[in-house]
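Note that the chains are named A, B, C and D in the order they appear, and that numbering of residues resets to 1 at the start of each chain.
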Amino acid sequence: MADLRVNFCGVELKNPVTTASGTFGFGHEYGEFYDLGELGGIGVKGLTPEERLGNPAPRIAETPMGILNCVGLQNPGVDRFIAEQIPFLRQYDTRIIANVSGTSVEEYAGIVEKISDADVDLIEMNISCPNVKCGGLTFGTQPKMVEEVVSAAKKVAKKPLIVKLSPNVTDIAEIARAAVSAGADALSLINTLLGMRIDVESRRPILSNIMGGLSGPAVFPVAVRMVYQVHQAVDVPIIGMGGIRSGRDIVEMMLAGASAVAIGTACFADPMAPVKALHELEQFLDDHGIASVTELTGAVQI
Amino acid sequence: MSIQELCTVRERQALNSTMFALTMEAPRISAAAQPGQFVHITCGEANLLRRPISICQAQDGLLKIVFVVKGEGTKWLSERKAGDVLDILGPQGHGFDMDALGAHPVFIGGGIGVPPMLLTMQTARANGAQPSAILGFRNRDAVILEEDFQALGTTYVATDDGSYGIHGFVSDVLGAHIEEYTSVGCCGPKPMLRALASIAEEAGIPCQVSMEERMGCGIGACLVCACALKAKDGETRYGHVCKDGPVFDSKEVEW
Amino acid sequence: MADLRVNFCGVELKNPVTTASGTFGFGHEYGEFYDLGELGGIGVKGLTPEERLGNPAPRIAETPMGILNCVGLQNPGVDRFIAEQIPFLRQYDTRIIANVSGTSVEEYAGIVEKISDADVDLIEMNISCPNVKCGGLTFGTQPKMVEEVVSAAKKVAKKPLIVKLSPNVTDIAEIARAAVSAGADALSLINTLLGMRIDVESRRPILSNIMGGLSGPAVFPVAVRMVYQVHQAVDVPIIGMGGIRSGRDIVEMMLAGASAVAIGTACFADPMAPVKALHELEQFLDDHGIASVTELTGAVQI
Amino acid sequence: MSIQELCTVRERQALNSTMFALTMEAPRISAAAQPGQFVHITCGEANLLRRPISICQAQDGLLKIVFVVKGEGTKWLSERKAGDVLDILGPQGHGFDMDALGAHPVFIGGGIGVPPMLLTMQTARANGAQPSAILGFRNRDAVILEEDFQALGTTYVATDDGSYGIHGFVSDVLGAHIEEYTSVGCCGPKPMLRALASIAEEAGIPCQVSMEERMGCGIGACLVCACALKAKDGETRYGHVCKDGPVFDSKEVEW
């Protein structure tokens, strides 16, 4: 039996499989299908300083092997998360990855500081939400803005700080370097690719917000490429995500450079997806005589 | 409680050129099914998302759904045959509150909103009520399930073009008979639901409406199936059709 | 019967359906399946000043509803194209869209000038190729480089100049504005999204070139979004492409802002794809009582 | 000449746990098929690209292919049943040059390279030659089509582990019998082809090799299936397996 443990920024994950923020709520629903303690970690719905209602419906559109969403960060706010959700999640033997967002540098620093003091294991700072605007562009697309917001957050972070990158950029390596030079302990990628669908009958965009974020298997090759580029560019661990469905997808993402992975959209097709993929990963390791899953990270042969 | 079950198709029926019924062996889901709940069905390898379809009947370990072919997913579903196996999640969501119906509920379905009212009416009758039904269709060819409803209580059928039954909308029929009823339960296009809700509200009887929204997870985790509801402070809040609904109290809904 | 004609920069296309450069060779092979004269135009394999051998195999990898390719612009060179292929293509009653590339501003200007004098109808300048002088960055990702290369080409172009944009950028509208301000008569988009796949058994990238370009249905929502953004930003006609398979896809792309479309990867799944999609488009127009296909362009209701 | 044909599966055979044969009604493709050509098959809605599979037999309007389950596409193919319809392009590519074989050609297949040699050997015999065959497999369980080849001429079977037939590689067998042959035609893994080519070259007889490469269009338009060939000037040029090949003269190939 291969060793599945991963030391991620000093935090031990029992295995590299986590859930992608925003696709898994706070775990209650999928917890009806299996023991959440089977997972390496749980990425919770993106949190903001105050409660957010999110966008009107429709918030989802299907695309070939993908989906677009424009949930708009609906969440109860960080305080209610801390009070109501952490106790629930702590019942399970898994790591809590708190995903946080803000609309200004101050808000980001504020929420990172607050969540730092709560009982979570890792902080994932989402600088890529297309809804969080700064001069019309998301924080995650400008190296200077990335540095500024990550520096401010890092100053107050008392837990490992993972910066989640947007794929909607010309040069992902440049953004990654900016985040790491500003103090990011780890990176996660990819967030969603901006996309759009139009209903040909009504001639209206399907999504209320006109555009939305593309996720699911369709983006997998883009995610693998970006994880590879970022792994070449910086020296911090990476949580790879974007379209992962199977154990082999996990292996591929790890070979590209990921130390852990997150699974999101695949859960919609099959609620058991993360657990099934984990078992497939285990089987793959055993079939290939790989002693520790960590051997895969960045092991692509060029 | 949501169950993932691999269900063998027992029977496929073409009701007309675009509407189909599938009856499946689903012992666990059918045993747990409540009126107004739905199932979330994987529709082939080419479609990433499951499709939400209401439960039309659930008994003796069998689950029946009735659906119209709209796009790729329902087309795939319509091509299933006896013996094929479907991956189904269910029963999902919060159905009709059967305790709030009173002695003479009326169940109203419009078009493809008709099927879920069948299990609902059946259950109401089994619970001792004397239910009626009002079913609305575009035209004669679109009429489905009429006898099943007739067997359970007084049933009016209306068609938009008058080619069958009453010429007019279900709201006209409800308006004409509203005094006979203690509550309304309904499913159909949003404008229809809104019209029915306002008739019920005027008459001072409760009205439960089954809403539709595009879905991701279907279990309450992803928050995509937002339905605008009235918050206590008069502001909007979003409920979620797959978990808080699909059935809501009409007074809660922000129309 | 709806009017399918499109006036594209003064060139009449008998219908808006063209083929995407590089997926259709010079038309010989698909010409065995149907009369090439059924199409509005034929985008030919990308041409360079000299013959290019392209990259070693493997040059293709499959992805969920997409493919990656790294052909590397294998082509016989512009002179042999002019001598050998134009006479073949001119047998058919369709428009010839010559797709050209270079590795420097001078090369681009040179090939545009040369092809201008040949018997082609439209020139499509592919600026998604890496610029050797500019540290390997592709021309198409930097507004200043886009302006420079398009200005130089426009000066010598005697046929309408279509600039083909790369989707691998933070802000596609900015690039589109740069191209148009430098004189582009039209734009085409999207070229391929950069992606990567790794064979989990051999641990090697599947493609010889490590990374490759993603095309096919998977990218369709990204293409629709970019065509929409570009149509909002500039006033020139657009050839929309990226993942189109069906008549409804064509309608969607045109509603987003395209005046014509190109079909590429879909031909691999079905050689008849462009013709089938054209017939579906015709049917859609008739079913919806739309008198002219041009009514669709940009008609999305926001 | 490439034809797109919708072909009904007549028979599906499991040859062993991972190898399958499908026989299809393909009147137009089978009539045009030449030895060494392949067909390009749509493998379900979830796989965008067609899969190239060699033609194993083509007669009386029927087309037979033999394949091993490798990934999703061939898995899908292996699940087809009699009556299912496949979308097939073919016959594709440039097969064996039958005029260059001489009176005693030997046809060599390794593993899943064996099937295409059957139609080739059959055709050579029908053309008046006296062909032999050398078939190589990993082990006893992997042996396929042996009797079909035996019926056409002397056939040696070798297994890597010696569990059946001759213990060793097909190149060993070829080396031992090379003087009996006028030419070699072969299909299998690249190292095997290279080894056979060099034995043939040393013996001064022509060798035709069937190459594999990942494909897009399968008809010669997209240029993805590049095979490095020796250009006249000694430089590399790229041929295309789907159109110039899959069969090349071994001396042309840049190994």
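As a convention for this text, a residue touches a chain if its C-beta (ideal position, glycine included) is under 8 Å from a C-beta of that chain, and two chains touch if they have at least 3 such contacts.
On a predicted model such as this, the values are computed, not experimentally measured, just so you know.
Shared contact partners of chain B and chain D are absent. Put simply, the C-alpha centre of chain B and that of chain C have 46 angstrom between them. Separation between the centroids of chain A and chain C, computed from CA atoms only, is 33 Å. Centre-to-centre separation of chain C and chain D, using mean CA positions: 36 Å. Along chain D, no residue makes contact with two or more other chains.
Among the residues of chain C, those touching two or more other chains are numbered 61, 65-66, 216-217.
Viewed as a contact network, the protein chains form a single closed ring in which every chain touches exactly two others. The set of touching chain pairs reads A-B, A-C, B-D, C-D, using the touch definition from the header. Within the complex, the chain C residues that touch chain A are 61, 63-66, 68, 141, 168-171, 193-198, 200, 202-205, 210-211, 214, 216-222, 224-225, 228, 243, 248, 251-252, 255-256, 284, 299-302. Looking at the complex, you find that chain D touches chain B at residues 44-46. Taken in their complex, chain D has these residues touching chain C: 1-2, 4, 42, 47-50, 87, 89, 213-228, 236-238, 243. If you check the complex, the residues on chain A that touch chain B are 22-25, 28-30, 32-33, 45, 53-62, 65-67, 69, 71, 74, 206, 216-217, 265, 267-272.
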